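Dropping the structure in here first, questions after.
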Amino acid sequence: MIQYKNTEVKIGGLTLKNPVMPASGAFGAEMEQAIDFNKLGAIVPKSITKHPQPGNAKPRVCETNAGMINSIGIQSKGLDYYLEHTIPQFETYDSPLIASISAESVEEFAEMASVLGNHKSVSALELNISCPNLKGNGQAFGMDPEDTFALISKARKVTDRPLIAKLTPNVTDIQEIAIAAEAGGADGLNVANTLLAMSIDVETRKPRIGNVMGGLSGPAVKPVIVRMIYQVSQVSSLPIIGCGGIMNGKDAIEMIIAGASAVQVGTASFIQPTALTDILSEMQEYMEKHGIDDIHDLIGSIEI
Amino acid sequence: MIQYKNTEVKIGGLTLKNPVMPASGAFGAEMEQAIDFNKLGAIVPKSITKHPQPGNAKPRVCETNAGMINSIGIQSKGLDYYLEHTIPQFETYDSPLIASISAESVEEFAEMASVLGNHKSVSALELNISCPNLKGNGQAFGMDPEDTFALISKARKVTDRPLIAKLTPNVTDIQEIAIAAEAGGADGLNVANTLLAMSIDVETRKPRIGNVMGGLSGPAVKPVIVRMIYQVSQVSSLPIIGCGGIMNGKDAIEMIIAGASAVQVGTASFIQPTALTDILSEMQEYMEKHGIDDIHDLIGSIEI
Amino acid sequence: MKQYEAPVLFNRQVSERYWHIAIDTSMMHEAVEPGQFFHVRCADVDSPFLRRPLSVYQIHENTIEFLYLVKGKGTTEMTRIREGETLDVLGPLGKGFELYKQSETVLLVARGVGIATLAAVAQAAFIQGSRCVAVLSARTNEDLLAAEYLEDFGAEVHKVTEEDGTSDVGNVRDIIETDIMARHTIDSIYTCGSRRLSKLSQSISSTFGIPGEIALEEHMGCAMGACFACVCDIREADTLKSVRVCIDGPVFPLNKVVIE
Amino acid sequence: MKQYEAPVLFNRQVSERYWHIAIDTSMMHEAVEPGQFFHVRCADVDSPFLRRPLSVYQIHENTIEFLYLVKGKGTTEMTRIREGETLDVLGPLGKGFELYKQSETVLLVARGVGIATLAAVAQAAFIQGSRCVAVLSARTNEDLLAAEYLEDFGAEVHKVTEEDGTSDVGNVRDIIETDIMARHTIDSIYTCGSRRLSKLSQSISSTFGIPGEIALEEHMGCAMGACFACVCDIREADTLKSVRVCIDGPVFPLNKVVIE
């Protein structure tokens, strides 16, 4: 693809050649059959935990109106496997590798940030402070501004790679959390992870997800995410990565106009395996059509 | 319709002949052409404010994937008009009238609760402590447990009619708010109002809603609402009214199984004007098919 | 107002951007007036989610026809409907046009899909023996599809388009004031489909003291008066009154409407 | 694996609950194996939202056929697809069956839609000159549609149904152990479609030392190995290993699978 337009964006010290990257947990090496990984703004493998863990009970996904609930849990082979297998698998591509980290405590987050955040092939860290599946009743670090601040500042001390805080949308005041993450030293904010959700099969009266609750993704949540991107952009100067419900180039552009500098695409790849690169092309077509030479002219360009 | 099955539910001292009622703001006298109001569990007119107010800028609604955003604002003719026209219009039906109240301060809420909560034709009050349209950036009383407690307890003092607190889903911890409302003296909890949302037209870069943000309703939000009903039912013994995204009898049953005693239906009536009574019939068919004689055998019957 | 599953008699493309659909309304027992509309479910799946308002284009004994512009998701889905399938319509809705019985000559000023709405007026005018003069505005000549239909009802049709560079308001005013009004005494004015032409119509109406009506469009939720999505302001005495386009309109007295 | 817009050759109801669809796959250059599946977009609107996995029923030179049970939203939407339209399929996906070249007699144990999956095995067995004996289980005789197709490939078919009261596991075991195995030396077992019949097949496999394979079903997200929605456990040495049905399977060695 010829880069007619400037789509380069920065997150801290990291320059992405374009703003489109996969969302953690919805991307795998096998997708190379469908798309050219070198075309991605970045590569974001599934969140990794320190120790291997099995993931959640089945069923792990269910469909909802214009969306899906997942409760994979962080099925993970642990940090050692990640260092030995996952990074080598992805470091060969042109696109920078952003490692997504999940942990059970601030210390564990810091420990993993120190290992991965000093690895030569890891270009940035995404701290998944929002995963609603890991803790009882959906609590997560990203639900509390103090926890968020504590966690990010600890991680900040152990690495100088760009730190992206992946916020949870399951909060009263996303601005407060964004401010805390920025104060803690984040270089970018991912807005956002999934909405905590639940679905019940009325025939069996059982939850449709083995783990009872899970995270809602897909176009159903996009209006909530767009709102949060806009709100966050009002109080933070950090680059925002918009994530949640993007299905096509227009959806991505919508988030950029709301205030995002980049986007992540998850669920769409399940429906359209070429979604990531399709979306990038569609964004370029949009820029072409509207005579926009630089993506920065679009970022936060909402007209109120 | 013959009432084969017991569908009677109670909210405080108020007995509803069946659990299906309209959601405030999505119901009007004109709908009588489509449905028999006497068949409704209750009648819930649009939220009323003390003083007349004009409502929000246009456009006031926009479509999203499996949902819609509205920002009507509480276009209201004020309390006097309500007493003189709205109540007389609805008091003639068999179904009890639940008056939904919106106000800008605790005092105003109490004042209106005292007027409406002592009116002979008002069977219960729904306190709309959640409307995301009225205040800057979506703040609402229902976002804070102390405000919620203060508001409900003030209203509790001035009326002995059943008080329903209509919670907002835009919170980190719905359980905390539910507990506060119960402690304040609520007789029932409506879970929930709309999710704060936003949509941008990428051609014009303008928000699709005149008021920039609005409330997301429709099936897109149902999985979030079902989760919240379940969560609230875990910490509160109050009857719950499930509201958000119900399109058919199965959706209503899903909320009942999650823990709701009754349901409200809003957006569905826009697509299917007979939705309210269709849903009631479908619920009765479900009960018939599954040999359930009493709706109480369904409430909270989720199998974990 | 009722909901119907009306059999589709045909659904065909009539120009690059316009389609024409006819439904069998023999099961409908209410009278349908020009200016009234139906709230249409464009597909029988959840997408698009909301119904779409379409005003009646042609009203026959047992048939109603709509002319629709393919604009977004809803109207695009509608083009997939085939003859023999059914269309889920809710209606008739709203308050239609009132034709002044004594009108000898009626002026229609319409643009775009507004032409479809006024076509029903031309039909009604023809039936009651009034004469129609119409100024129809559109992007291209191809889009002026209802012109012939109006001519069938004896209307004198003036066409203006961007294509021909004739659609600016100044030119339309000229056509009306110097050409049409020189030859006809206009008794009433009806307009639909363009903010600028509506203002022009208002101005002509007040300048020459000709009564008239306007059909408005607003984004709708319920289309039944319940949700207050579709409000607009009308002038009543010296105050502004908020009305709902779906139920108090979509047709309003031309001189009362506040055109933003 | 690739995504195709495959022309639909036919799509027809074959019994009360089953439909049969054929697509033109002449643009597909990958070989398709029995047991592999496609991830199918059931409608070209957003509803249903996710794709649905369907394993191949019949594999021909330039055609692939699926047999599907109309179960919920997705398969219901599929019934609306007409000849001449296209079906958006992603595939071929997963690891198919391995037919042991030396197998003289193959036992197929299938229930419900599992019959469709094993039909492709019968076809492949026929081609390589193996003989098939099949026990097919279903609710009703009408649902045993693929039986004839299997017989066309020379399979000996035993039918059991709820309708006839013959589908209990005990009876199936009897049929296999006392009737079939008395007359045939079974070299391999393939099963699909029922938890209880899978356990039975496992037990027969281990009791008599007959190797076999099983095709599993799990709810899927991506069907490309990325999301870990479709995991199941297989026994490897003494430990359990989590595998993904979509990419490590759906076909697994019968004796390794942990059937819950």
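As written, the chain order gives the labels A, B, C and D, with residue 1 at the start of each chain.
Definition applied: a residue touches a chain if its C-beta (ideal position, glycine included) is under 8 Å from a C-beta of that chain, and two chains touch if they have at least 3 such contacts.
Everything quoted here is computed from the prediction, not taken from an experiment.
Student: Which chains make contact with chain A and with chain C at once?
Tutor: Looking at chain C and chain A together, the chains touching each of them are B, D.
Student: Based on CA centres, what chain would you say lies at the far end from chain B?
Tutor: Farthest by centroid: D.
Student: Taking the mean of the C-alpha atoms as each chain's centre, how many Å separate chain C from chain D?
Tutor: 56
Student: Which whole number of Å gives the spacing of the CA centres of chain B and chain C?
Tutor: The mean C-alpha positions of chain B and chain C differ by 36 Å.
Student: Approximately how many whole Å separate the CA-defined centres of chain B and chain D?
Tutor: Here chain B and chain D have centroids separated by 47 Å.
Student: Can you list every residue of chain D that touches 2 or more other chains, as numbers and ranges?
Tutor: As it turns out, chain D has residues touching two or more other chains at 46-47.
Student: Where in chain A do residues touch two or more of the other chains?
Tutor: Where chain A meets two or more other chains at a single residue, that happens at 64-67, 218-219.
Student: State the interface residues of chain C toward chain D in the complex, per the touch definition above.
Tutor: 43, 45-47, 77
Student: Within the complex, which stretch of chain C touches chain B?
Tutor: Going through chain C, the ones touching chain B are 1-3, 41, 46-51, 73, 90, 218-232, 242, 247.
Student: What residues on chain A touch chain B, complex-wise?
Tutor: 64-67, 69, 137, 143, 170-173, 175, 195-200, 202, 204-207, 212-213, 216, 218-224, 226-227, 230-231, 245, 250, 253-254, 257-258, 286, 301-304
Student: Give the list of chain B residues in touch with chain C in this complex.
Tutor: Chain B reaches chain C through residues 25-31, 33-34, 46, 54-55, 58-68, 70, 72, 75, 218-219, 267, 269-274.
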